[in-house]
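Each of the two complexes below includes chain A, the first together with chain B, the second together with chain C.
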Partner chain A sequence: MSELSEIEHDALTEIANMAVGRSAGVLNEMIGLEVALSVPRVLILDQSNLPEHVGNLQGKELTLIQQGFDGPLSGLASIAFPEHKSLELVRLLLGEEMSLEEVVELEQEALQEMGNVILNSFLGTFGNEFGVNISSEIPKFHKDMDAHSLIGDTGETGVSVIFIHVDFCVRAENIDGYLVLAVSIPTMKNLETLVKSYVEKLG
Partner chain B sequence: MYQTLLVVDDSKVSRMMTKKIVTQINPDALFVEAAGGEEALSALGANVVDAAVIDFHMPGMDGLELVEKVKTLQPDLPVVLLTANIQKEIKERAEKLGAGYLTKPAKLEDLEAFMAG
Partner chain C sequence: MDEFEKSTFSSTEISLLLDEIKVGLMLVENDNRIAYANTWFQEACGRTQDALRGATLETVFPMLSSGRLMGAVDEALNAQRSTLLTNKLNKNLFPLRCSSGPEMQQRVTIRPFGAARCLIQIEDVTDTYEREKILKRKRKETETDRAYLDAILQGTAEGIVTIDAQGLIETFNTAAEQIFGYSAPEVVGQNVSILMPLEERGGHDNYLKNSVLHEPRIINNAREITGQRKLGNKFPMELNVSRAELAERVVFIGIIRDITKQKEVERLKTEFVSTVSHELRTPLTSIKGALALLATGAFGGLPEDGMDLIKIAEKNSQRLIVLVNDILDMEKLESGEIEFEMQPLNLSKLISEAVEVNDGFAKQYEVKFNNSPCDGDLTVVGDESRLTQVLANFLSNAAKFSMIGMTIEIYVERYEDAARVMIKDQGPGIPEEFQDSLFDRFTQVDGSDTRKKGGSGLGLNISKLIVEKHGGDIGFSSEVGVGSIFYFTLPTV
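Up next is the complex of A and B:
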């Protein structure tokens, strides 16, 4: 991100914060309970430096929802839920009246839909702020993944990653966990152009 | 208030969530479900529905393509695009096709306004 000035980097971080806020809002609407969030940690880094930043996610089993996106910006957006909390989140989403068997049966579809809404909300905020259309693919569900899977297998060098980590807590149900968004962007030049234009418009 | 609703979404969970809210609005509501565009068009040919709620992101035919086809077949059928995609362009394209636009997660008051006609 050395191509961005301090103010441009600040603008990108601010848009990421807006996007996280909106994503948290939709999570709150979906489960119908207050979701307490920590201040998001927003980092923009080269993917080769990601391992040193995933910190407390190292060695943990994650449920991942990943969605490719294309347009003026292209890449992969991921959301991770702690695996041992997955079923509790699904129960919150579908309602208490569901049996355990039904919750287990619908776990993948429910988390996929939750990821779909959160990721689209996140990417849509970037699209709206930059005034461009970002098209996204159907989200994919992955279980038993680790933190390195967050950025997918890009097979490319020089790929940048917007990495956002938020701790969340649903106090009413004693569920705590984390929500991680990793957006890998091979088209970093395009992002830089969009950010510069965004800052210019701010005057 | 619409009675029979076509609900199109590749996610079974999303269809369940939509039906749950609509049933709160109209406990007598009936549903015709489809998991994709082609299935929705077949369902539309085989059933009489009062309105349609259509997802955008679906494998194969996307929601806007489906809205266009539905509007060609039944121009007066009230249709709303229910999508997680919050981008303005999607809203504009839906409205240009004569469909409403709602964002996921679906909210009771939004669907209530749509159901009221």
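Up next is the complex of A and C:
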């Protein structure tokens, strides 16, 4: 990400912040309870640097929802439910008494749909802010994945990753946990161009 | 190959292909008008292609306006984003029915199709939905059952410990925690021998090895063993083990009762009875002696009525002495205070002598003993006087309860390594309701009979203790109105 100036980097972080905020709004609506999201930790890095940043995801079996996106920006967007705690959100969503094992086992569809809603609103924010259309595909469900699966198997080098860690808390239900979003973008040049013109417009 | 690559399909053929597909397909224009719906979809919604084509989604399916579907169509048409809508999170999907009738559970995907259209794809997931419903219900039932069983397990007053075939503890209930002083997490996964004193551990390991392969001996049969608490102190416990085969493995369920208090009460009771009996025997002996002297007329004659009273008093003091002696005997036998003088004995000779000695009884009750000698010698190892006591008890009982003129048969049944002594009477028989308690203390079939026939009601209990000390068993069979056969079995040499 050396190609981005500090201001441009900040702008990208800010857009990611906004995207998370919008996703939180969508989550609230779906669950019917206030889901508080922390200020996200946003990292923009090269895929080769990902391992040192996945930190507490290391060695975890992740439940992943991934969807491809295309347009001026293309790549793979992932949402990870790293711990059983994260899956509590889905249980809330379903409003059913069920064990978390059952959530993963029986509610893949619900998880997939929830991930789809969050990722679409996330990608939508990027599209809106950059003033471009980012199309998305139907999400896919993967379980028992490791942290490297977050960026998918691009088969390419030089892939950039927007890595976002956000804590959530549903006070009414005394549930807290965290989610991880990763957006991998092989077409870095395009992202740079979009960010630069975004900053120019602001300026 | 080349020809194959060149082959193309006509639009009619493609349309026919789409109509064969078992999912619903619908193309929607950017003004929300339906451009195409395949046969599957037409059938599921009960409308023809003509009724669908050209109409807007919201006019054909007004219910969609309250769900997320229209928003997703909008997003696909205007922002090129794909959306998944499932039956899990959406109430208002298409009003479709399965061909078998019920409302269809759907998985709907909406994605951009070209620049100005979107493709809606509908899958019928009713079967999966029903299967999941059954699965969830079953799971819930299993959970409820488990909670129910756990409540019983934890709520019961008996300690319950389950172990696997290696002797490792799997569960340890609340009562077990209280008995042993360990918490469940402390012992689960440990060998069960930590609940026993060191000297009993080896024995238990062998026992377990045998039990895995065969039905263990103490299954469903309580036995008393020594347990050891966390702090190291030993205590008497009653253990009842059962064996269960669960999903191709063996588990053992031990039910434990701490009998420390019970043992203490028993000890106190025995001590009390023994003390009281001793204290009673001395004055009783002198009363009986004095009465006997009076009865002989050594101190001058008494009026006839007075003499009758003295004789009644003498007879009853004798009965009291017998009772006190029996009680002392029984307590001594139970506490193991009595040493048995074990020696080889000729069983036939033992029986003959006993019959002879008790012949007075037969005369008194006007019955006959008929002793059928057994063929050859039978040797048992035992205490002569104690076994004679058992025989006397059986013979006197038979005499007492037989009717005048009847014969009592005495005979021996031989087995490979045991002999059974049988005493068959023609008495009134033992009613079924008394049969279970016959060998208990102070049992006589009819309370009103006691005075008529005499006896402490301890004879059979004492006999049982004696026979068991010899490694034998004791029992009877009886039919009301026909008679009874009392027997005891002893191992032969």
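Just so it is clear, the second predicted complex is superposed on the first by the 187 of 203 C-alpha atoms of A that agree within 3 Å, B and C clash if a C-alpha of one lies under 4 Å from a C-alpha of the other, contacts with A are read in each partner's own complex, and residues count from 1 in each chain.
The criterion applied here is as follows: contacts are C-beta pairs under 8 Å (C-beta built on N, C-alpha and C of every residue); 3 or more make two chains touch, one makes a residue touch a chain.
Here the structure is a predicted model, which means the values were calculated and not measured.
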Quick one: on chain A, after the overlay, do chain B and chain C clash, or do they fit? Just give me the call. clash
Using the touch definition from the top, say if A:124 reaches chain B (first), chain C (second), both or neither. both
Which partner does A:94 reach: the first (chain B), the second (chain C), both, or neither? both
For A:30, is the partner it touches chain B (first), chain C (second), both, or none of the two (neither)? both
Is A:133 touching anything from chain B or chain C once the two structures are fitted on A? First, second, both or neither. both
Determine, under the contact definition given at the top, whether A:110 touches first (chain B), second (chain C), both, or neither. both
Counting only touches as set out at the top, which of chain B and chain C does A:102 meet: first, second, both, neither? second
For A:82, is the partner it touches chain B (first), chain C (second), both, or none of the two (neither)? neither
Stretch of chain C penetrating chain B in the combined three-chain arrangement, among 9-17, 45-53 or 333-341: 45-53
Which parts of chain A are in contact with chain B and also with chain C? 30, 93-94, 106, 109-110, 112-113, 116-117, 120, 124, 127, 133-134, 136-138
Of all residues in chain C, those that touch chain A in their complex: 75, 79-89, 107, 109, 111-112, 125, 132, 135-136, 139
Under the definition above, what is the set of chain A residues touching chain B in their complex? 22, 26, 29-30, 93-95, 106, 109-110, 112-113, 116-117, 119-121, 124-125, 127-128, 133-134, 136-138
Residues of chain A that touch chain C when the two form their complex: 30, 67, 71, 93-94, 98, 102, 106-107, 109-110, 112-114, 116-117, 120, 123-124, 127, 133-139
Chain A partner contacts - residues on chain B that touch it in the complex: 10-14, 16-17, 20, 57-59, 83-90, 104-105, 107
